[in-house]
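For clarity, chains are labelled A, B, C, D and E in written order, and residue numbers in each chain start from 1.
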Amino acid sequence: MARIGVFVCHCGENISSTVDCAKVAEIASNYPGVVYSIDYKYMCSDPGQNLIKEAIQKHKLTGVVVAACSPRMHEPTFRKATAEAGINPYLCEMANLREHCSWVHFREDSTTEKAAELVRVLVEKVKHNEELYPIKVPITKTALVIGGGIGGIQAALDIANSGHKVIMVEKNPSIGGKMAQLSETFPTLDCSQCILTPRMVEVAQHPNITLYTYAEVESVDGFIGNFKVTIRQKAKSVDHKACTGCGLCIEKCPIKKIPDEFNAGLGNRAAIYVPFPQAVPNKPVIDRNNCTYFLKGKCGLCNKVCPADAIHYEQEDEFIKVDVGAIVAATGFDIKHSDFLPEYGYGKYPDVIDGLQFERLASASGPTLGVLKRPSDGKEPESVVFIACAGSRDPAKGIPYCSKICCMYTAKHAMLFKHKNHHGNATVFYMDIRAGGKMYDEFVRRAIEEDDVNYIRGRVSRIYEKNGKLIVCGVDTLLNSRSVEIEADLVVLATAAVANSDSEELAQKLHISYDQYHFFSEAHPKLRPVETNTAGIMLAGACQAPKDIPDTVSQASGTAAKVVALFSQDELTREPLIAYVNNNTCVGCFLCQSVCPYLAIEKEEIRRRDGTLVKTVAKINPGLCQGCGTCVALCRSKSIDIHGYTNRQIYAEVSALFNRREYAGV
Amino acid sequence: MSELINKIRQFFASQTIDLFIGYKKGRFGEGKPAFFTKPEQLKELVFDDKCIVNLAVYLRKPELKKFSKIGILANFGTLRALLQLAAENQIVDGQYLIFTVVDGKVLEFTNLKAIEEYVSKNLPKPNPERVALLKEIESKPREERWDWWTRELSSCIRCYACRAACPLCYCEQCLVECNQPQWVEVPPTGIGNLEWHIVRAMHLAGRCIGCGECEAACPMEIPIGLLTQKLNMTIISNFGQIPGTKLEPNYALSTFKVDDKENFIR
Amino acid sequence: MTKIGYFPGCSLNGTAKEYDLSLQAIARFADVELVELADWNCCGATAAHSLNSTLAVALPARNLAIAESMGFDEILVPCAACYSRLAQSRHEIKSDEKYRTKIPQLIEMDIKGTANPITVLDFINKYVLGKLKDNLSNKLNAKFACYYGCLLTRPEHLSTIERREDPLVMEQIVQLVGGMAIDWAFKVECCGAGLSVVRTDIIGKLCAKILDDANSRGADAIVVACPMCHSNLDMRRNEINKNLASANTLPIIYITQLLGLALGIEPNKLGFDKHFVSTGKFLHKLQKQTMEV
Amino acid sequence: MEYKLIKPEKIQDFVNALIANGKQVLAPKQKKDKVFFSLIRSFDEIAMDFIQTAFSAKSAVFPKCEELYSFEKNGKDTILNNPPAPQHDTVVFGMRPCDGAAFDYLATFFLKENPDYHFKMRYDKTILIGLTCPTGDEFCFCTSVGISPSDTRGSDLLLTKTENGYFVEIITEKGEKLVGQFSDFFEQTNTIDKTKYTANIQKRFDSSALKEKISGAFNWERWEETSLPCFGCGTCAFSCPTCTCFDIQDEANLVGGARYRIWDTCALGIFTKHASGHNPREKQSERWRNRILHKFLYTDEQFGTLSCVGCGRCIRNCPAELSIIEQVNAIMEG
Amino acid sequence: MQEFEPKIVAFVCNWCTYAGADLAGTSRIKYATNVRIVRFPCTGRIDYMLILKAFQNGADGVIVSGCHPNDCHYTSGNFHARRRWIVFNELLELLGFDKRRLFFSWVSAAEGAKWANLVNEVVTEVRKLGPFNEYEELSKINVNSIGEICNV
């Protein structure tokens, strides 16, 4: 038999001014199952809590209803008190007499009546409350960071510096990411490599960081604190332990005309290569798609010249299994290329380039050693047109969003050009200038005012080539919408920033959601911007949405803080208010699987003792379930239920509401 | 027909199947379900558009477990039911050899993927008479509709023949049998009956393949098929998901679109 | 013989007679009978859609309905403006419930949208090119600037042409008949189209750019597939030349005329005598070069 | 036995007089293509041209939803109330003689050992007027279970339609009382030979031979095979005039509630499911066997009477077209 | 005669509408006493059967309310709930159920005033409709009925 205690709080006068608390306590004492009922001025005060504790012990209560304020306010307080009295804290429920009753109604009979009914509803609920125990999930205190760009590097270093192990996986032969390709960075115009490379080296040398370059995540299983990840280490064909990085193989490689990815296709590299001089690790890999040995079975020059015997053609992809407790996705972004824009010639004009190509042309370590030479004939341009929003904010091109970084880097590009050619003409076509950020607008103003960059507000309709010049046709919306034509030697398109082409595949491996543009989705746009919906998987950088370096680094540090906070405990304690399955009645239709936002519903095989399969049923992974209960309402056979809001509890609440129903014979 | 019979005989002979579920001539000339375990019984096999019973309903019978592979002569509803059952993990591809006959031609499906293709190409339009009946009911004033259904549903004796005849009502524990809490009143009072038929309709919404077996099985002649039909039409027009056409789960009530349209939320 | 519906529109009976002549000639060659829609009416271009949106759908819809009633799946619409209107109308009727019910009431005919309008380029690709190779009698060794204008490639949802901003369909045809298609910058620019009559000054400005670019890149002729483009570029030469340093004499020829020449059809039968800008020099050059081959 | 005659033109007045007198008249009525027993307000509603009603008239004494008692909370006490007794007599009019025999069985079942209060309360106030079958169909098999299509067993009055009107046999005191009360409609007549007006129902099996066979049929190996088409809809039992299985359900909330007796059927999977989860009749074939043996063996052992009256409803109503006749014959074949 | 006071139940999610109702409280916005709130983790948890049970237990009106689209604490529970309601709503419509007594809304944690207004509107509207006898009468149908086996 249930033995319920009811404790009605006056909340000073907050409740008692409109609700007759004594009367509520008296009415409640007549409810079936209620053995003790009392009202008190401040239930949350020490004497109030003692009142509850004493009553629990004296009356051997099996359930407690505290009729006071909102449970969102004091539920933890009273559950703690209940636990201190020696019964399970989840046997305590609260009736919300303050926010939902006394504060919103006047003093009248119906207010007290409502209060008494609210108590009755909770009394009926608490009769069905079960003893629950917090869920403890062990935590593997190693983080996996996917992506070795500035976001991944920052997150990895922050986590590693707080004493936890980090595994970093980078798909390219070197870490560094997009930032390594940049010449200078806004708004300070400091050299990108200068600030990045020390960080790259730090990653490589950090005792807590294990680095896998030229590697990708193959599969991810498990859940927060307990992920099991398989990493595919792509065959480098070079034994990096033996390799001294002398570079002889690169020098001798006969295949030297492969468009260089690092230089955005503006330079060439060999088939065995290190992406750039400051690469980490600074040891080569063989690009098997272009290597004569792999294509035709002969050559082997690199092997012959290698003094360290480090060339291993027979190397195969290796699968490395690691256990990690948290995963940081920092896979970055990509940009659209100039061939994406038909009106600018479908990439047909070599002197219409994208922003990243301009970075390489402007970079001291780039293919032109920092001298601005246009790709077609190597001439130094006198007139350069920069087009912002090349594809971005254009629903017709499927990219309605703002790429966010272009306004700033376009201003930077124009300045870099003007700094190299003081007499040159720099023109920027723009839609709006979005330069929100510390020192950002000042930077743009500097480009306009000090460096005399010609900013034209309007879009470019076409570019065509005539007599060796690029004719840029556009409109100046500020000058009476006059159409303008500018002759340019070089056109730089700030093409749209987009998600990586394989981001969807990775999201599916990680079981995280992604938006319609294939950027990864954060758990909450405002309040949980660095976490994903899948507990234990966080985001850093532009894989979530286009971001500049400061934003990426801040988010990476934020993510690292989340990881470190998770790792600060040995076990993850979670509220046990999660769903569970009744194996006896589940028929395994698995229609519930797609309803779960957290992919917490798995398959479980029920077998007899002799091992024969009886059936396959749903199983809720307690590490993943967040307790929304959507599966509970969906399940046709009521085989799923949820602790804290069980079918029996809620049904009892609803049944206790009014009690007006007449029965035939009555 | 003889082509089909010969084919099945061969499958029996090669021991590819050891049970064939089809139809025999029934009492009023319609097809009644029949189970053939020996090739010589097959001379009684019939198949035409009067064979309306959805044979997929039998696949959950434990009595069939002892047969290693089963052949099924499927009408369109049965084909769709098989797809839906597969999408709900209730049958395994390859367990069954499935046949149908269209315009005298025998179609043989060795796997469910083939059924998926066939079904998606041959989806029939909703029966215009039923649609008209539905429209007629819907055009009544609200109170009349309520009275009409209350009266129709009061006939229900809660025999659950509708459930038994439905190939997709395969739960081991039906919601009405769940008594902690008792979601649906068991006695056939007005409330119990309404609750039962709401539950049945909602449970089949987005899953019903429209074979009409529930209504055909109702001994009290209650037009319960209208309820599931209406919800199916709602789901198809609002969400575009047609039950029993896909091997992969495509359940309207466990999926959503951010821009799903409604006009009643304040 | 294949029969398809034919919607000449107003131009092909008047200013673009040469287009009609040459089109009929190559259709005969391709063994396709172009059956003119019975009692066809104005497609509404270019005024209707800026005045009354329902009428702009209804006018072409009646022609579509006629084609349906005559049992055609395809209607050849040689005028790019007519094509645009017919295709748009079909699109509206197929995608908009409102029009699906309203239009049949207005035109008092049933319309399902089963008749599909096709452009001259679609027609050539589908019916002519396959037979062309074995029947070429002349190699047209000259430089051509292929001009598409606006309505063949726009709007996106109606266009059957790939690479809309830099299409290559006509270029491929030109290459097939031995010509050289120049890469130039104005192939999808606007010629002024419907302002042909009311604002010849604008036509002059726009067309001057087009002609000048083609000229400066060494074209011997401009190839078009739209009677509106043709009339603006061909007929308004006086206005155009006002905007140019020196008078431009580039002839404007239809893609169908080009094909006709390649097939060895006499220029007169292709309407080469009906141009404002003389085609004589051009034909002469071609002839000379052909003879040299 | 006493005999009377109701003139053809009087039958209508008789029924309407019963209604006017305040009696509830339960009679066959058409719905779509079936005939159901229904409470009627006038003779015009009665369907006379049918072979068998879709459902039996057992609801007159064994309603599909019957309140056993209600209860209400009074403070910490609980008060129990008996259900209201029926205010009026019920006349079942126009049932087939097989249904009459079924009432005889129902009375045995409910009253023989521990009289059932609720059944008795209704049965005592129910008058059963049977109607001889002029025709039958291939599903009728009353003669195979020892009942004739003009059998008087179980009925209070039996009417047989003749060219002169309805020939009335007064079988019980209840019947006699009714005739006395409505004597205006009855005329004197002599006994007649009913055969002429009675359907000839073929014997489909020999019940005494079956008796021999069926006692050992529990382990018969063909139960599974013969019942394969059954998907367990239970319509056979619900429409059966002698199926008496019921379920008891409480409906209540915090202030009160009621206990109901409702129809149940052995065809349902949960019929014998134990609280432990174990089910002694796991398969449909086992449930099917239970129903057949119940009809032809168990009640014979318990009450000395078969609980099948050969009305044929279970055959007509079965969506899978299973036939109890075929089943019995299969058992006889062994 | 005393005015009819409808009994209203509100099924709300914990994160938005429950919090919104809390905000109405902390803001001391007054509204009608007729409403009783039942708290759920998410609108996705709300079973349509509970709505029927509320009516069966004497509710004259039912409010179901949760987070606005895109604001769900669990990201998609309300979207799933919305689909379920769309379908359920159509079923009730066909059955001729008095849908004027069933109210769906989105009330966020910031919309205390909206909550108060909603309750007041609902109470006013249901008060006009009177007690929900139609539903209550259902419970008497068929009880002890001997005749109407099949309603002809």
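Just so it is clear, a contact is a pair of C-beta atoms (placed from the backbone, for glycine too) under 8 Å apart; a residue touches a chain by one contact, two chains touch by 3 or more.
This structure is a prediction, so every number in the text was calculated from the model and none was measured.
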What is the set of chains touching both chain C and chain E?
A
Per-chain CA centroid nearest to the all-protein CA mean
B
Report which interface contains more C-beta contacts, comparing A-E against B-D.
A-E
Select the chain at the greatest separation from chain B, using centres from the mean of Cα atoms.
C
What's the chain with its C-alpha centre farthest out from chain E?
C
Chain B to chain C: how many Å between their CA centres?
56
Whole-Å separation of chain centres (CA-atom averages), chain C against chain D
85
Distance between chain centroids, defined by C-alpha means - chain A, chain B (Å):
43
At least two partner chains per residue is the criterion; list those residues in chain A.
584, 595, 634, 647, 651, 655, 659, 661, 663-664
Multi-chain contact residues (two or more partners), chain E
48, 53, 56-57, 76, 80, 84, 139-140, 142-144, 148-151
What are the touching chain pairs in this one?
A-B, A-C, A-D, A-E, B-D, B-E, D-E
Show me the residue ranges of chain B that touch chain D in the complex, using the header's touch definition.
26-27, 32-35, 37, 53, 57-58, 61-63, 157-161, 164-165, 177, 185-189, 213, 216-217, 219-221
Interface residues, chain A side, partner chain E - complex:
70-73, 96, 98-101, 103-106, 108, 110-111, 113-114, 117-118, 121, 513, 523-524, 533, 577, 595, 597-598, 626-630, 632-634, 642, 644-645, 647, 650-651, 653-655, 657-664
Which stretch or stretches of chain D touch chain E in the complex?
24, 26, 29-31, 34, 36-39, 45, 54-55, 59-61, 63-67, 83-84, 86, 90, 122, 253, 260
Residues of chain D defined as touching chain A within the complex
67, 69-70, 72-73, 75-76, 81-84, 251-258, 277
Enumerate the contact residues on chain A facing chain C in the complex.
342-343, 345-346, 348, 396, 462, 464-466, 471
